[in-house]
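One chain, chain A, appears in both complexes that follow, with chain B as partner in the first and chain C in the second.
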Partner chain A sequence: MLIDILITSLINGSTYALLAIGFSLIFGVARIVNIAHTAFYMVAAYCIYFTTYRLGFNPLSAMITGIVFVSILGLIVYKIFIAPIREHEQAVLIGTIALAIALQEIMMLIFTGDYLSVPALIKGYATILGVKVFYQQLITFASVLVVLGLMRLFLMHTKLGLAIRATAQDREVANLMGMNESRVAMMAVVISVGLAGATGAIIVPLTTVEPFMWSHPLIMMMAVVVLGGMGSIKGSFYAAFILGFAEAMVVFLIPSGAFLKGAVALSIMILVLVVRPTGLFGVQFEEEG
Partner chain B sequence: MNLLRYHLRKLFLILKNEVFVLPSRIVVLLFFLTVLLLPLLYDDPYMMRILILASIFAIFAASWDLLSGFTGQINFGHALFFGVGAYGTAILNLRAGFPPWASIPAGALVAVLAGLLVGLPCLRLRGTYLALTTLAFPIILMGFVFSVPELTGGELGLSGLSRLARSRIANYYIVVITMLVLVTVMWKITDSHMGIIFHAIREDELAVKAAGINTTKYKLIAFSLSGFFAGLAGGLYAHFMRIAGPSTLEISMSFQVVIWSVFGGMVTIWGPVGAVFILFPLLEFFRIWPELRQLMFAIVVMIVLLYMPGGLLPWLRSKIENECPRCKIRNIATRKVCRVCAADLH
Partner chain C sequence: MKKVRLLLVAGLVGMLALTIGVPAWGADTIKIGVIGPMQFVQGKGHWNGAIMAEEEINAKGGVKVGKKMMKIELVKADSNEFLNVTDATNAMELLMTRDKVDFVVGGFRTEAVLAMQDIAMEYQKIFIGCGAAHPELCTRVAQDYDTYKYFFRGTPFNSAFLVRTSFLHLKFVGDILKKELGLEKVKVAVVAEKAMWADPMVAATEGFLPKIGMESVGVWRPSPVATDVTAELSAIQRAGAQMIFTIFSSSVGIPFARQGGELKIPAVQVGINVEGQKDGFWEATQGMGEYILTMNTYCRGVEYNELTAPFVETYYKRFGETPTYTADTYSAIKAIVATIEETGSLDADELVKAMEVSERKVASGIVKYMKDEQGRHLHDLTWGPGYLTSLAIQWIDGKPVGVWPNKWVAAPGAPEITYKGIQDYKIPPWVIQAYKK
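Up next, the complex of A and B:
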């Protein structure tokens, strides 16, 4: 039981962490509240389904194709729809909502609303402390850690990463220091959407693929971002596992837990916010006039 | 008799000097007349149903604008108020036997309580934190709705509420007149002293505090007012559909109201109302291609925003009306000089 809870919470927590970091990134740099973030995660999942079953790719190349495809899609959509209206915060907001609905409907048209599944990279399971742990779960968790580590390396030790952090901290000054703000924003969008795609790719063998799969992760992702504090990757990381653990506890320990899992996790978020209005590790962004 | 003549004359003068001089006011007048007279000329049940639902959602959208547009407290979980209103009304109607005229306001009062309950923890949150946190509230409530099916009917919801009125026409008039009255009240609120404070809180909360105004109080008032109107909309919806189900709390309901308001133009009250009356029938029209319906809707919203990021209706208004640079009175775009101060408009 305890191990079950632990595994579920680690898997869910790592998904939320990856999604939340991508979402934070795009919010921090470009000030876009991207509701369509998890819609890209859904598109990546469908893309992998399509390439494995209809085109016969092997799972690994399907994953890479999925991530690349979603990143390019994100870039195109950003260029066409979001960039021209970036200065209008509210318009961007519902633009991304509309985008999420549009992506959901397109997937619905192409693949219908059926529940689909994708094969695991490696089949079989190991027995740890008497509990079955699928290899796929281990791979998923390991790859999440790898991606998170790479993200940290990228943000802390590359020039572009520095530019992204600088822009997130102060857009105007970063611009004055010679960073091309709109190009940095564009790169942040590509990386963020790529991360969403990667999350989809990593998690897809463990879940069912359906057009509405984006809405629950969306809520949890936002809760994670708020709980951890906006713009704090460390915060997102801890908050993701806290909420993932809370969710798993409720599901396993309370009889009608599946209905309450979102409610309990979100109540925890609100309780924390009452005490700390900027989340666990957050800083309040200065309001920009 | 003289009194009547006086009032008629006054009405005529107001129409001539205040209403017919501006195309936007003529449009509002035509809108009022159309929704009031349409069923007398053409009583198609399908069309009336669409108009009734559009009216209910117009109240809902305007109440979002009152809170999020005017006071700047962006609320991503507005479905909470709608759902609480709907469930409150349904429980009072079914369990306590309240008739609709009592259960709907009582349900709205429950929604006010919800507004205060949500408002209190949210007082310390700002901007995007607030938006993302409010998203959580309807989801939390939905969890409880599912976990106590004895009270709330669980997944199926509560059905079998009493009708608003016996006949379809009466139903229509109850909802539409309520909508017109409530929207006018909301518009008046935003135009009042309190509305100015709401405006100021959105623009610069610190400055309002420095001016000696208790912003906490006004923010809570905004939450409760908005909750009240949204709760009324929810109650009307429950009695009209005769069911209060979990769909009233869904995340898509919260997003829908944001789409309507921003599409129509925020901080106007009339913008969201107009947007509902444009988008809701449009969505019904797209029913010709059932599988493309949502997609077309999303694409229309995206394309309109691409060219009119401030919203559709303010954009239209700025095309047909100009503001006088000297006295700030609006004039029809065809005029060369201001209708009040005769300043040159170009």
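Up next, the complex of A and C:
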């Protein structure tokens, strides 16, 4: 059973990690709490469904189209909707909630509330130490590692990455040093929303496409980000696997309480916060990093 | 000049008030409100069934009320009840006050229908529920007849009978597994979404399984909206289950069937999976929902009586899909119309009395309203052979196939029941491979 729990934790955790990394990035750089982050993931899922079944795209082209579409949508939304109110954090918070609901309603109008699905990139499953794991889940796990690696390369070895890190540390000083803080924030938003789209593209074959598919991942993603430390990508990565492990434990050890898996994960988050209010890798880590 | 203007304004206001605020006295139409979650399959079923009934009735000239012929006019109301019960009560209130409907059919979620029921009763309008299964809706009729007598259950039969029917399906498949695979005692995993309606079913299952020679290996209660159940499926496989008794009315039915089929979990899925009742299930599960069995009301090719095929096939031609049980608004409207024509009246009290004693053949069997043990009117549907039994369908090659009742003997000495078009149940090949001795 331990093997089952460990493998399930890694799979669950990688989904949450993919979502949380993008969310952390945008918060760390632009201090934007984008509640609509998972709504972009939902839009990407619908985009993939639409291009696959209505336009006849192959799964890979559909995924790429979905990511590009959502990134452009994120850019437009940022320019028109978020940028003018960016300095007012509460307004951004409430505004992005409204945006998420608006996107949900638009999808509902176009596609109705029917449950839809899209095919996996690679169908079937592998048996690892006696546990059946979908190939798509293995792709998700690998994607987390690849995304993290690319993020590290990008942040540490590119000019824009340097600007993003500088802005994350101190916006005003970065501005004084000649960095266009607003442009950096915009790029961070595009990358973040693109990551949400990528997450949607990778995970959508494992889930059901419907207008409310953004709300549950949102709660778990927020929990991961808060547990890991707001704005810390490394923290999000660890926290995702901790919560994934908690969920797997509940399902295997208390089967009749499987519905509590989310609640248990959130309780762990609260417990950690009581002991360490900044999360596992909060402000201190960011300042050191 | 000022006086003339004042009179003009007063006249216009008066006309407006008459137009929107006063019922159409002596109107030639009977207004029927169709209420349901119109953005979802359930609401679409409500509306489509009602449209079919309206078209058929009006094509024949309408409804004969005494000596007068009246047309049917439908009023669509989106209850949005999956998301917000208040939206449902507002929609019902509007049907009563703004649209001034004469009858209402529809409703789906018990929580919403209970609230909508109160509003319809307040206005003394006949409301035929076509979606919610909770017994409370009809218990209210027995307990407070004067208030709730205008409510009737149209579909499905109440949850106590749903439990009984799904246990029959469980035993039916369990017997096949024992016979075909040589299993002595079938191991069953009970998987029920965490919802109020499923709680009594789970409790009853624990007591029922040993009585039919089956053994429970555990109960799993995923969230109704879970999108990933691979952990649950792995745990069920580890527990050695050969059957999975599913109790799902929400979206979790899709990932459970899809992931169970894709992972080839060696256990057959039997029970209630509302998502599996819809034509879109095959696409939603990417074809991985093959072999799952679920209770259902209609299946193309299966006939309860001579009314079934014309209803199902006309519906299919008109809307491109098999009717789900909420499309029984068709039968509900037909029943209202038949009662109006029999009594020659539109008076709700008169119609209630006539409906209580009627026994009407519909596309899914025979509708007869029950009384409780104390002889009080329940306005609930009678279940059982000769009345309403529903079907079990199994997904085979991308299509739902009727598999139950198949030589069903309801009581010792009773005749076998097999509806026309029923086929044999098929065990998934990977389950045969796992257990065949």
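The definition used in the following text is that the second predicted complex is superposed on the first by the 278 of 289 C-alpha atoms of A that agree within 3 Å, B and C clash if a C-alpha of one lies under 4 Å from a C-alpha of the other, contacts with A are read in each partner's own complex, and residues count from 1 in each chain.
In this text, a contact is a pair of C-beta atoms (placed from the backbone, for glycine too) under 8 Å apart; a residue touches a chain by one contact, two chains touch by 3 or more.
If you're wondering where the values come from, they're calculated on a predicted model, not measured in any experiment.
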- Message: On the A-aligned overlay, A:Met108 touches which partner chain: chain B = first, chain C = second, or both, or neither?
- Response: both
- Name the contact category of A:Leu206: first (chain B only), second (chain C only), both, or neither. second
- Identify the partner contact of A:Met230: answer first if only chain B is touched, second if only chain C is, both if each is, neither if none is. first
- Determine, under the contact definition given at the top, whether A:Val251 touches first (chain B), second (chain C), both, or neither. second
- Message: Taking the superposition on A as described, I'd like to know which of chain B and chain C A:Gly279 touches: first, second, both or neither.
- Response: first
- Give one of first, second, both or neither to describe whether A:Phe259 is in contact with chain B, with chain C, with both, or with none. both
- Mind working out whether A:Gly66 is in touch with chain B, chain C, both or neither, as first, second, both or neither? neither
- Could you look at A:Gly28 and tell me whether it touches chain B, chain C, both or neither (first, second, both, neither)? neither
- Taking the two structures together, which residues of chain A meet both chain B and chain C? 108, 256, 259, 261-262
- Residue positions on chain B within touch of chain A in the complex are 121, 124-129, 131-133, 135-137, 139-144, 146-147, 251, 255, 258-259, 262-263, 266, 291-292, 294-295, 297-299, 301-302, 305-306, 309-310
- Sites on chain C touched by chain A in the complex: 37, 39-41, 44, 82, 193-194, 218-223, 225-228, 230-235, 237-238, 251, 254-255, 258-259, 262-265, 275, 280, 283-286
- Which positions of chain A touch chain B when the two form their complex? 27, 33, 35, 81, 84-85, 87-88, 90-91, 93-95, 97-99, 101-102, 104-106, 108-109, 215, 218-219, 222-223, 225-226, 230, 256, 259-264, 266-267, 269-270, 273-274, 277-279, 282, 284-285, 287
- Item | Complex interface listing, chain A residues touching chain C | 1, 4, 8, 11-12, 15, 108, 112-120, 123-125, 131-134, 137, 206-208, 210, 212-213, 216, 247-248, 251-252, 255-259, 261-262
